[in-house]
Amino acid sequence: MIVAVMAAILVTMLLALARAFLGPGRYNRILAINMFGTKTVLFVAVSGYLFGRPEFLDIGILYALVNFVAVIAVLRLTHETESDAA
Amino acid sequence: MIANLPVLQVLIPLGCAPLCVLLRRRSLAWLVFLMAALGSLACAAVLARQVAAHGPLHYAVGGWAPPYGIEFVVAGYNTPVLLVVSGAAVAAAVYSLGSVRTEIDDRRAPLLYTFLCLTLGGLLGLTVTGDVFNAFVFLEISSLSTYAMVALGPRRRALPAAFRYLVIGTVGATFVLIGIGLAYAVTGTLNMADLAARLAAADSDRALYAAAVFVFVGLAVKAAVFPLHAWLPGAYGEAPSTVSTFLAATSTKVALYVLCRLTFTVFGAGLVFGTMPVGRIGLLAGGLAAVAASAVACFQTDLKYLLAWSSIAQIGYILAGISLGTAAGVSAAYLHLINHAVIKASLFAAAGLVLVRLGSVQLSALAGLGRRMPWTFAAIVIAGLGLVGVPPTAGFAGKWALASALIEAGQWPVLVAMLVSSLLALGYIGRIVETAWFREPASVAEPSGAPASMTAVVWVLVAVSVVFGLDAALPASLAESAAEALLNGGG
Amino acid sequence: MTTFTVINFTLLTILTVTALVIARLRALYEAAMLTALSSLVTASLFVLMDAVDVAFTEAAVGVGISTVLLLGVLALTRSREAVTPRHRHLPAIAVTALTGGLLVYAAQDLPAFGSADSPVQRHPVTEVYLHQSQKEIGVPNTVTAVLASYRALDTLGELVVVFAAGTAVLLLLGPLTHGKRRQNLDLMEYKVLRVVSSLLMPFVLVFALYVLFHGDFGPGGGFQAGVIFATGFVLHGLVFGLDKSQRVLPPAALGSLVPLGLGLFVGLGVVTMLLGGSFLDYGTLLPTGGPAAQHLGILTVEVAIGITVAAVMTSIFFAFAGRRPTR
Amino acid sequence: MILLEILSAVLLAAGTLFIVSGAVGLLRFPDFYTRIHATGITDSAGAGLILLGLLLRTTTWEAGVRLLIILLFLVVTGPTATHLLAHAARRDGVPVWRKGHPRR
Amino acid sequence: MSGTHYVYWLLFALMMIGLYVVISHGNLLKKMIGLTLFQVSVFLFFISLGKVEDGSAPIISPEVETYSHPLPQVLILTAIVVGVATLAVGLALAVRIFEAYGTVEEQDMQERDEDRHGAAS
C-alpha cells in the first residue's frame, strides 16, 4: 500500500514538473511549484514509513514551512517589480 | 600555552575579527589587527624555532587523535610560509595606518580590518592544517574575505573584478572539493598522512589520477597559475592598496604551498611526476606564464595592473621550480616564493604610495615625477630590479637558484623562457623609469605628502629585499629545510 | 530493481531535467523558481540517502533563504537574461567536456553505490563515529557528535564563513553604503495572510528552539535552528513589511548578536585550553570528563552557531530587502 | 488492528486518488484559474487523507504528534497560498480561458 | 563498475550542466544559479558516497542495525553553509554592480567601462 502511495506521489511530482516547465508565465509555475512542494512533504512522510524509520518527520514540518515562505516571497517580490517598473 | 601555539596563531586573528566589528572605531580596529598580526608573527617565529630544533609538531584539535579528529601539522615545509604570511600581515597593518585612511571611509574601515583578520587566519589555517577537508574550509574563509576586500576598491571596476574573482574562485574551490571527494571515495579518510598511506595501498588508479587532477586544477586557479589566472589582474589591480599589498605577498603563495604539500606528502612525487605528466605540464605552464604574462605586463597603462601581470609571471617561475620535483627545484621555488613575496609587497606598497600622492596610478600620470618624488621612485626602481633579477638583489638569489636547478635537470627551454621573461621585466621596469625621469611632467600639481607609515613600510620591505639579496643565509636555510622536509616525507 | 532504486532514479532524473530547463530559461524569475524546485528535489534525495540533517539544512537554505535572496535581487535588477553570444559557448563546451570526461574516467574506479564494502565504510573511522562515539560522547545523532566534537574545527570554520558572509553583505549593501531605503511595500492588504502569519510566527520560533535542543537525538542542531529562526523573520518581513520587522528586531541588536555567537565558540575553545586541554577538548570542561562534559561542550557550540547563523541570515535578508531599486 | 489497517488503506487510497487527479487537472486544464481550482482543493484534501492514513499506522506518539503538526500546517498554509495566488493573478490580469480559445 | 553507477552518471551530468551555465552565461545572476547547481551536485555526490544499501540515517537506535556513514553528511553540512555564504556575497555584489553599471550582463559592463575609461585592462 505504502509503495503504491509513493508511486502516486512520484507520478504527481512528474506531472507538476511538466506544468512547471510548460508554464506559461509566472503564475502557472508558482502553482506547479507549490504543488510540488506539498508532494515533497508527503514524500518525506511516506518514505519514513516505507523505509521503516518514521521518526524524522521534523523535516516534513520544515518543508511545509519553507514551501509557504517561498510562495509568499515569489508573490511579494514579483508584485514589487511590476509596480516599480510602471 | 606553548603547546597550543599551532592553533593559537590561527585562532588569534580569527578571534580578533568579531572584535573589530564590535569596536566600530577605525583606530581600535586597526590596533586589533596589528596585535593579531604581531601575535601570529610571534607564534610563527617561536614555532619555526621549535621545528628547527625538535622537528615537526603535531597538534590534535579537540584532543581527538587523527584520523578521527582534525590535526594541525607544523613542519619545515610550512614554517617559511607561516613567517611570510604573518610578516606580510604586520607590514600590511602598519601600512594600512596611512593607506586605509585615504581610501576607506570611517564607518567601513573597521569592516576592512575584520576581513584582513579573517584572511590572515584563513591563510594561516590553510597552511598548518593536516586535513584536506579542513583545508577546504580555511580556503573558503580566506577567499570569501578576499572577495569582499577587493570589492572595497576605489573604482567601480572593483565590483566586477570582485565578482569575477568570486565566481572563478568558487569554481576552483569546488574542483578541490570534487578532488577531495574522489580521494575520499577510494580511501575513506581525510587526514593527509592517513590519505597518503591509503592512497599508496589503493589499487584504484583512475579515481586517484582524477582526484589529483581536480585538486591541482582547483589550487592552480587559486594560485593564478597560467592559463587559469583570469581573476588576478582585476583583483589585484582594483583592490585597495593595503589589500593588494597583503594579497600579493600571501594568497597565491599559500595556494602554491598547498599544491606542494599535497604533491609531495599526499599523492607522492612518484605518482605525480612519474606516472602522471604533471611535472611536464607544470614546466610548460610555468614557462609560458613567465613569457606571456611579462609580455602583457609591458603593455599595461596602469601601474597596479602591470604589477599584477608581473605576479602571474613570477608565479610561473615558482611553479616551474616545484614542477622539477627535485630538491634543488623545490628549494629554489621556496626561496623565490619568499623573495618575491617581499619584492611584490614592496612594489604594491609603493604603488599605493603613488596613488595617495597623485590620486592615480596610470603610467601617464607618473610622467616626469621621478625628480619630484625621488624616494618613492627610488624604492620602485630598487624593488623593480629585484623583479628583473639583477644582482645583488633578492630576486637574483631566487632566480639563480632556480636557474641552476633547471640546468641540473636539463630543462633548457624553461631556462630560456626565464631569461626572456627577465628581459621583458627589464622592459616594463625600464618603462616606469623612462616615464618617471625622462618624460615631461603632465601636470604641474605638486604631489601631496606621503604618510610616514606607508613610506616606512615601503622602505623596510625594500631593505629586507636587499638584505636577502646580499646575505641569503636566512631565506636559503628556510627554503632548504622546507625542501628537505617535503621530499623526505618529514611530516 | 528495488523500490529504493526506482525512487532514487526518478528523483535524480527530475533533478537533471530541471537543471537543463533552468539552463535554457532566459526569464530569470522562472529560473529562480525552478531553482527552488530543484532544491526541494535535492532535499528529498538527501532524505532518501539517509542524510536527514543535510536534508534539513538544504530545505531551509536552498528553498528558504537562497530563493528569497535570489528573488530579492531580481526585484532590484533586470529579470530577463540577454542572449548568450555564440562565441561564449565553445570554451564552455570544451571545459565541460574535459571535466566530464575526467569524471567518467574516475567513476570506473568508484565503489558501487550503496556498497557496504567500500573503502569509506571499511575505514576504522566508521566504527568510531557510529559505535565508539556512543560511549565517548553519548549522543545518538552521530552527525551531531562528529560535527560538534570530532570535527569541531570544521564547524568553527563554517561559522567563520557565515560571519564573513554576513559582514560582507553588510559592507556591500548595509546601511553604511549610500543606498536609499525603498518604500515600504508589503502584503498587508491580505487579511488572511496577516492572520495566518501571526499564527505561524510563534510556532516557527518554538520550532526553531526545539530543533536547536533536539539536535542530539534527531535531525537538527544550531545551524538548522538558526536558519529556521531567520526564515520566521523573513516571513514576518515579507508579510508585515521591513519596518515592522526591524522594530521587532533592531539591526543594531542583530549586529551585536553576530559576533557574539562566534565569540562564544572561540571563547569555549580558549576555556578548554586554559583548563589544560587542547583547543575544543570538551573533556576538560568538567572534572569528571566523559559524555557529560562532551554534552556541555556540544550544547554550547550549538547555541553559539544558532545565535550567529540566525543573526547573520536575518541581517542578510534585511540588507537585501532594505535596498531600493535604482530604476 | 485489522480494522485500523483497512481504514488506513482506504484513507491512503482516497488520498492517492485526490493527489493524482489534482495533478492531472493541473496539467490538463486550459488556464490558470481552472488549474488552481483543481489543485487547490485536491492538494490539501489529498495530503490530509494520506497523512491521516499514515497516522493510523503510527505506533509511537512522537511520530503521531509530528504527523498532526504537518497536517495542521498544510491545512493552514495550503489554502492561504492558493487564495493569495488566485488573488494576485486576478490583480495582475492573468487571462481567463473561454470556450474555443487556445489553452494558455 | 556495476549497475548502481547510474547515480554517478546522473550526478556528473548535473555537475556539467551547472559548470556549463557558469562558464557560458554572461548574466551574473544566471551565473550564480549555475554555481548553485554545480555545488549542489557535488554535495549529492558526497552524500552518495556515504549511503549504504538498506542502511538508515546515522542516528543510533536500538532497532536499527545498518547505518549510512555520518562523515560525508557532516562535510556537506559545512559545504552547504559555505555555498549559501558565497551565494549571499555574490548576489550582494551583483546588486552593487547593477547600481553602478545599470546592467548585470558581463558584456554590457565591459562596454560601459571602455566607454568611460578608454583603457584596456
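For clarity, chains are labelled A, B, C, D and E in written order, and residue numbers in each chain start from 1.
Just so it is clear, contacts are C-beta pairs under 8 Å (C-beta built on N, C-alpha and C of every residue); 3 or more make two chains touch, one makes a residue touch a chain.
Just so it is clear, the structure is predicted and the values come from calculations on it, not from any experiment.
J.: Would you mind naming the chains that touch subunit B and likewise touch subunit C?
T.: Common neighbours, subunit B/subunit C: E.
J.: Please state, in steps, how far subunit B lies from subunit A along the shortest route of touching chains.
T.: 2
J.: More C-beta contacts across C-E or across A-C?
T.: Here the pair linked by more C-beta pairs in contact is C-E.
J.: Farthest chain from subunit B, comparing Cα centres?
T.: The most remote chain is D.
J.: Relative to subunit E, which chain's C-alpha centre is the most remote?
T.: Farthest by centroid: D.
J.: In whole angstrom, how far does the Cα centroid of subunit A sit from the Cα centroid of subunit D?
T.: 11
J.: With chain centres taken as the means of their Cα atoms, state the distance from subunit B to subunit E in Å.
T.: That pair's centroid distance is 27 Å.
J.: When the centre of a chain is set as the mean of its C-alpha atoms, what distance in Å lies between subunit A and subunit E?
T.: 21
J.: Tell me, which residues of subunit C touch at least two other chains?
T.: Within subunit C, the residues that touch at least two other chains are 4, 52, 74, 103, 107-108, 110, 118, 120-121, 125-126, 129, 151, 154, 157-158, 161, 164-165, 168, 172, 187, 193, 200, 218-219.
J.: Going through subunit D residue by residue, note those that touch at least 2 other chains and give them in order.
T.: If we look for residues of subunit D contacting two or more partner chains, we find 77, 80, 84.
J.: Mark out which residues of subunit B touch at least two other chains, giving numbers and ranges.
T.: 133, 137, 140, 144, 147-148, 151, 178, 184-185
J.: Identify every two-chain combination in which the chains touch.
T.: Those chain pairs which touch are A-C, A-D, A-E, B-C, B-E, C-D, C-E.
J.: Touching subunit C in the complex: which residues of subunit E?
T.: For subunit E paired with subunit C, touching residues are 1-2, 4-21, 23-27, 29-30, 32-34, 36-37, 40, 43-44, 47-53, 55-61, 66-78, 80-89, 91-96, 98-99, 102-105, 107-108.
J.: Which residues, counting only subunit C, touch subunit E once they are in their complex?
T.: 4-5, 8-9, 12-13, 15-16, 19-20, 22-23, 28, 31-32, 35, 38-39, 42, 45-46, 49-54, 57-58, 61-62, 65-66, 69-70, 73-74, 76-78, 81-82, 84-85, 88-89, 91-93, 95-96, 99-100, 103-104, 107-108, 110, 112-116, 118, 120-121, 125-126, 129-130, 134, 140-143, 145-147, 151, 154-155, 157-158, 161-162, 164-165, 168-169, 172-173, 177, 179, 217-219, 223, 309, 316, 319-320, 323, 326-327
J.: Under the definition above, what is the set of subunit B residues touching subunit C in their complex?
T.: My answer: residues 1, 3-4, 7, 11, 14-15, 17-19, 21-22, 59-64, 67-70, 107-108, 111, 114-115, 118, 121-122, 125, 133-134, 137-138, 140-141, 144-145, 147-148, 151-152, 178, 182, 184-189, 198, 202, 204-211, 213-214.
J.: Can you list the subunit A residues touching subunit D in their complex?
T.: 1-2, 4-5, 8-9, 11-12, 15-16, 18-19, 24-25, 27-28, 30-32, 34-35, 38-39, 41-42, 45-46, 48-49, 54-55, 57-58, 60-61, 64-65, 67-68, 71-72, 75, 79, 82
J.: Under the definition above, what is the set of subunit B residues touching subunit E in their complex?
T.: Per the touch definition, subunit B meets subunit E at residues 133, 136-137, 140, 144, 147-148, 151, 156-157, 159-160, 162-163, 166-167, 170-171, 174, 177-178, 181, 184-185, 190, 233-234, 237, 301-302, 305, 362.
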